[in-house]
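Note that chain A is present in both complexes that follow, paired respectively with chain B and with chain C.
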Partner chain A sequence: MDFLRPTTLAEALEAKAANPRAVPIAGGTDVMVELNFDVRRPDALLDLGGVAELAEWEVDDDMVRLGAGVPYNRIITELGAKLPGLAMASRTVGSPQIRNRGTVGGNLGAASPAGDAHPPLLACAAEVEVASSTRGTRRIPAGGFFIGPKRSVLEPDELIVAARVPIASGPQQFAKVGTRNAMVIAVCSFGLALNAGKRSVGTGIGSAGPTPLRAPEAEAFAETEIDGLWDTREPLPDSMVRRFGELVSEAANPIDDVRGTAAYRRHALGVLARRTLAWAWADYRTGSWST
Partner chain B sequence: MTRSSERTRTEGGVGHSPVRPDGALKVKGEFAYSSDLWADEMLWGATLRSPHPFARIKLIGVGGALRIPGVHAVLTQADVPGRNRYGLEHADQPILAEDIVRYQGEPVAIVAADHPETARRAVAAIEVEYQVFEPVTDMDHALRPDATVLHPDNETGNCVRHVRVRTGDPEPTAPVVVTGEYSVGMQDQAFLGPESGLAVPAADGGIDLYVATQWLHVDQKQVAEALRLPQEKVRLTLAGVGGAFGAREDLSMQVHACMLAMHTGKPVKMVYGREESFFGHVHRHPARLRYEHGATEAGDLVYVRARIVLDGGAYASSTTAVVANAATLGVGPYEVESVHMDAYGVYTNNPPCGAMRGFGAVQACFAYESQMDLLAEKLGMDPVELRLRNAVREGSRMPTGQVIDSAAPVEQLLKLVRDKPMPPPAADDLREMPGGVSNTTHGEGVVRGVGYGVGIKNVGFSEGFDDYSTARVRLEVVAGEAVVSVHTAAAEVGQGLVTLQAQIARTELGVAQVTVLPADTNIGSAGSSSASRQSYVTGGAVRAACEKVRAEVLELAESPDARLEDGKIVNDDVVVADLVELLGDKVVEHTVEWRHRPTGPLDSHGQGNAHVQYAFAAHRAVIDVDVELGLVRVVELACAQDVGKAMNPQAVEGQIQGGSAQGLGLAVMEEIQVVDGKVRNPSFTDYLIPTILDMPPMPLDVLELADPHAPYGLRGVGEPPTISSTPAIVAAIRAATGKALTRVPVRPEHITETEETT
Partner chain C sequence: MGLGGLPDWELVYMRVTVLVNGEEKVAEDVWEGESLLYVLRERLGLPGSKNACEQGECGSCTVFLDEVAVCACLVAAGQVEGREVRTVEGLADGDRLDPVQEAFVETGAVQCGFCTPGLIVATHDLVRRVPKPTDAEIRESLAGNLCRCTGYEKILDAVRLAASRMEGVS
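Now for the complex of A and B:
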């Protein structure tokens, strides 16, 4: 097995173009487990740990351009105010050791339906920035990035460079069900973003379909129902919150597996959707968000 | 008790909690485990395992594997030099599969190569043609007359053992009757140090094996038979053990590594990966249990009828003893006039099951404690009151007819946990919510519940087994200081036995400087580090050897009634002699084989004095459950246990906390999921064990009610807390949710009734 260790993004992209079957590795929290379990045996590993450009984040207008190699612990400590949903999701990732190593770029690269970063990226309409040495950079909406279990639209010569995540303009929430109180892969998860500026509601469902999913009908329903309430900040009717939960539940496409039944996942997503909407709206009512 | 036993004056002696010699090393990651062994020129072994739970091997092609550069050997059953059978109770398991494989993961061939990766590639290059059969996977179906018989040599078909216990009225009736059916999933010991060891061929044609195990001598015997070597040519030394909990009682890589080493003439190391480890050792028996309890209106138990079926999987391992425990302890720590109990251990094509902490008593306790709660509910009684009313005490007769002849403070233990102050409501902190930092509730749906459990466990090996340990104790002067060395073959598996042996020597000989030599087969057997027995049996052997050493020293001092204290011979508080001066160049050494009092067999009605000692623990569990999501947080787990004598109080607390955590795991998360004979979650990603955020604070009460038959009055500590924590937690979840919850582990689907598949 070859071990490629570029020090610049340009070198990394060239290496990827020259070795399209090379598996990129950042924190190694997914890839090394697969290697250890002999699930895959790539011809080459492309270690992105030495590429400084990937390890930083910057504010670009109303976005955070989050380098693919920024580990979760930095998202938690540095971006909690700007990207609250992603920071909440980051807190639920693995153990402190894994949060020190694991990255959003790696999560996107693995493209697991259970990836913790995915629901908040979907909910706040983030984009995935990818690049190739020959074709340059393209931006893919998070909702269009995933095409199947562990499959994405990333081409063999491309690397994930950054996630472009809009700075929150409203409360965000993330909740994840696991059968242990920490260090657990999601049985199902849900991300919610209220955008007070655009008066929109974003959703993201994890671990309840072949890919991470949005719940478009639930979003449209909530936007319609909340429409008059952004200014009045009145409480949401219980019936509305319940219906939102049902629509999220219906948007899921879960299976039975070793972590839980499809029926449980649908049920739990409805509960998470109701609760997170109630929490987010309560935050909105008492917070300083302007529309 | 002897006068010397009562003295704990020597610093670091019995009753103290001296620092463990391995503690700091383990915390710093510097402890050498068996997976860290190394020898120059060594090869790496790897194992080809059957992907099928039940199949005939038609052909094994090793040519492709042998042609890979770096591969030194590829061996199959034809290469086993001696007997291709092993097993703790029945030798029914092949070292390498012959014509039939009976479980997924059964070893078929082994490889030695100069690099672990090469060895794995060679394993993948071995070609095996299988004729796949329909596996027998249901334990009840396996007992039916028309089931495929998996071991044609076994006279009782797929039944490994049936133990019946009959006492009292054969057709009892009672005014109040409750029945229940319960099931227990397959739990794994989940030790962190995978199976590993190093075999080094010796010049005399023998072999030196360094291995993590629980019982060196039973390994030695089985390895020698498989290698067709005299036992003395198979020399074992204990390597650093990363946890055991029963999973290292059976052989794993021992014979394989030795075969490869003898074949290649080079040292061979084998280390299982985490996934392989799930296939490399036995698990806790899954069980189905049907109970009927009859009681008076006042709440006195009249009878218990029970049928317990334990799935032993493909090979017997220690199933026969597990069945006996389930049968003889299956009524629990309660006085019952009439008992009609049948316990069965069966062969299936599921993963083999054998020893795990609690050993048959765990499965039964979940069922009988669930029954006690059901009965209390039917009677409108407080569940603790019902238990107190029926609790055994010293002098009670067990269903086997055996009289409990030392402390059985069940009543006191229950009252201790019941009367503890209740923990406060959860604070406004995610870490105190069910679901924890995953942010699933801010208090919505959260209901608190309280539940109780009490259990009983036998200590030591039962049913007439010659259960002994051997200890050599040597006292001499080294560099002007009196020094004791203690040598046994007892396995330190993390429980603290090395520390304890030194404590005993300090107390008995009044010498501060004690060295515990590495455990190996240069001395006689110590028996297994299991059955909560090592402090009792090896502790007893070390003490007995010390007593002989002391007697010789006192004879030398011509003060037979004196004591040894702080390096002095002391008589009536007068120093008679200094130990260093007295000994001079003399070495005083004694080796003792020590036995606990004998036990007897069970007759056809399950009657007999089969157990050495009984041990008891009680738990009160306080839980918060999110009833909408089915997520549980155990808020507090109070435990009271009688340990006879807290030999090392810190280690005792560690055992109670660790045992309770393992019981918590079985209650709410730990299960090897097996479908059609195949394991679906062989990893720590999906086999979940409790983390520090799952394990609550544990208020403990440790009673020291001496057992006059046991060294220092001690009572085995390791297993009882594993047994009663599971039913206590499930009872608490029932109390909060109102759900019946007849199966462990309880999953969120059970609480939210979303089990149906789509």
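Now for the complex of A and C:
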């Protein structure tokens, strides 16, 4: 086994191309568990902890280009206003120790359907920026990044470099079901983004399908129903909020597993969708989301 | 296969140099997939950080890595090369316990003691960042540290006491 320690992104990409089976490690919160339990013995570990370019975020026009190695605790303390949905989801990750180390790049790389960062990234139409030393950079919409449980479109010579996340232009919410308020892998989770500028509604479903999912019919329904209300800021009819929850439930494709049954997940998602829409709309009406 | 029937990759080892509790330490023959926790306990003679879940669930192995509280079981040994680690052994001043340790003793926050080192480090992390933590902040910041004996009430007492004593100190 090799331990590769690049100090620049260019070196890291070259190392990945030369060792396509190397497993990238940043915070180690997933990779080290697999090593500790002997689930995986990679040929090489590619430590991205020394690559400064991955540990920064910057504003690029109307988005935040979030380096793949920025840990959750920094998203919470530094990006709560710009990326409220992702920051909310970050607060539900593991424990302080885990949030000090875990990264969105790692969450994307693991590509678990239960990854906490995924619903907010889907809801606000983020892109995943990946790079290879020979083929350059490409941007993949978050919705097209995942192709199966723990599988993504990332090629063996590529590294996840950043998430490009649009700066919120409306309230965002995230809710997650689990057995306690910390150290929980989601039974199911839901992210919602209201985009007052584009008058659009974004959704992201976690842990209720082979990949994180959007709920396109729920989005279209909400956009139609809300259409006239962006200006008047009137309350949403209860029937509309209920129907939104049903459509989100229907978009899920859950299974029974140790954390919950498919039927429970479907039901709970409807509840989460209803609640998050009600919370987000209340924030929109009072303007309390904007900073 | 290499020597002794081990696969070749088992024979590739490395040396890790790390500042631990203010002293430069060198760990030899470190396997590339080894954790910082293993290096501390088995190679550097520092068994204060406890080994329990090995998956970041229990917090027993909490240490400071460059002053950030982390689970040592989830840090690869090679990732600490040239960096600074502070373990629970580095908190007391000789025989004199530090205020967090003293508070745990005085309030009866220790029963079997296995979770205690991790809780002491996590509490340090909290009281350095938040001078007057609320109960909600205490619970949140210790959410990654499991104790199966105490029921946590005495631990909360200990953190409150430590916070009150450490106010203004750092």
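Here is the rule we use: the second predicted complex is superposed on the first by the 287 of 291 C-alpha atoms of A that agree within 3 Å, B and C clash if a C-alpha of one lies under 4 Å from a C-alpha of the other, contacts with A are read in each partner's own complex, and residues count from 1 in each chain.
Heads up, the rule we're going with is that a residue touches a chain if its C-beta (ideal position, glycine included) is under 8 Å from a C-beta of that chain, and two chains touch if they have at least 3 such contacts.
No experiment lies behind these values; they were computed from the predicted model shown.
Novice: Touch test for A:Ala182: chain B only (first), chain C only (second), both, or neither?
Specialist: Both partners, chain B and chain C.
Novice: So, A:Asn36: does it touch chain B (first), chain C (second), both, or neither?
Specialist: A:Asn36 contacts both chain B and chain C.
Novice: Applying the document's definition of touch, where does A:Gly27 land relative to chain B and chain C: first, second, both, or neither?
Specialist: second
Novice: Touching A:Ala81, do we find chain B (first), chain C (second), both, or neither?
Specialist: Neither partner.
Novice: State whether A:Tyr264 touches chain B only (first), chain C only (second), both chains, or neither.
Specialist: first
Novice: Which holds for A:Thr92: it touches chain B only (first), chain C only (second), both, or neither?
Specialist: After superposition on chain A, A:Thr92 lies in contact with chain B alone.
Novice: Looking at chain A, which of its residues have contacts with both chain B and chain C?
Specialist: After superposing on chain A, chain A residues 33, 36-37, 181-183 contact both chain B and chain C.
Novice: Spell out the part of chain A that touches chain B in their complex, as residue ranges.
Specialist: 33, 36-38, 88, 91-92, 173-185, 187, 255-256, 258-264, 266-268, 271-272, 275, 279
Novice: Help me check something: in the complex, which residues belonging to chain C touch chain A?
Specialist: Per the stated touch rule, the residues are 9, 12, 14, 31-33, 35, 54-57, 59, 62, 68-71, 73-76, 78-79, 81, 122, 125, 140-141, 143-145.
Novice: Using the touch definition up top, name the residues of chain A that touch chain C in the complex.
Specialist: Per the stated touch rule, the residues are 1-3, 5, 25, 27-29, 31-33, 35-37, 41-45, 47, 49, 94-98, 100-101, 181-183.
Novice: Using the touch rule from the top, collect the residues of chain B that touch chain A in their complex.
Specialist: 120, 273-275, 431, 434-442, 444-445, 628-631, 633, 668-669, 673, 680-681, 683, 685-686, 688, 690-694, 747-749, 752, 754-758
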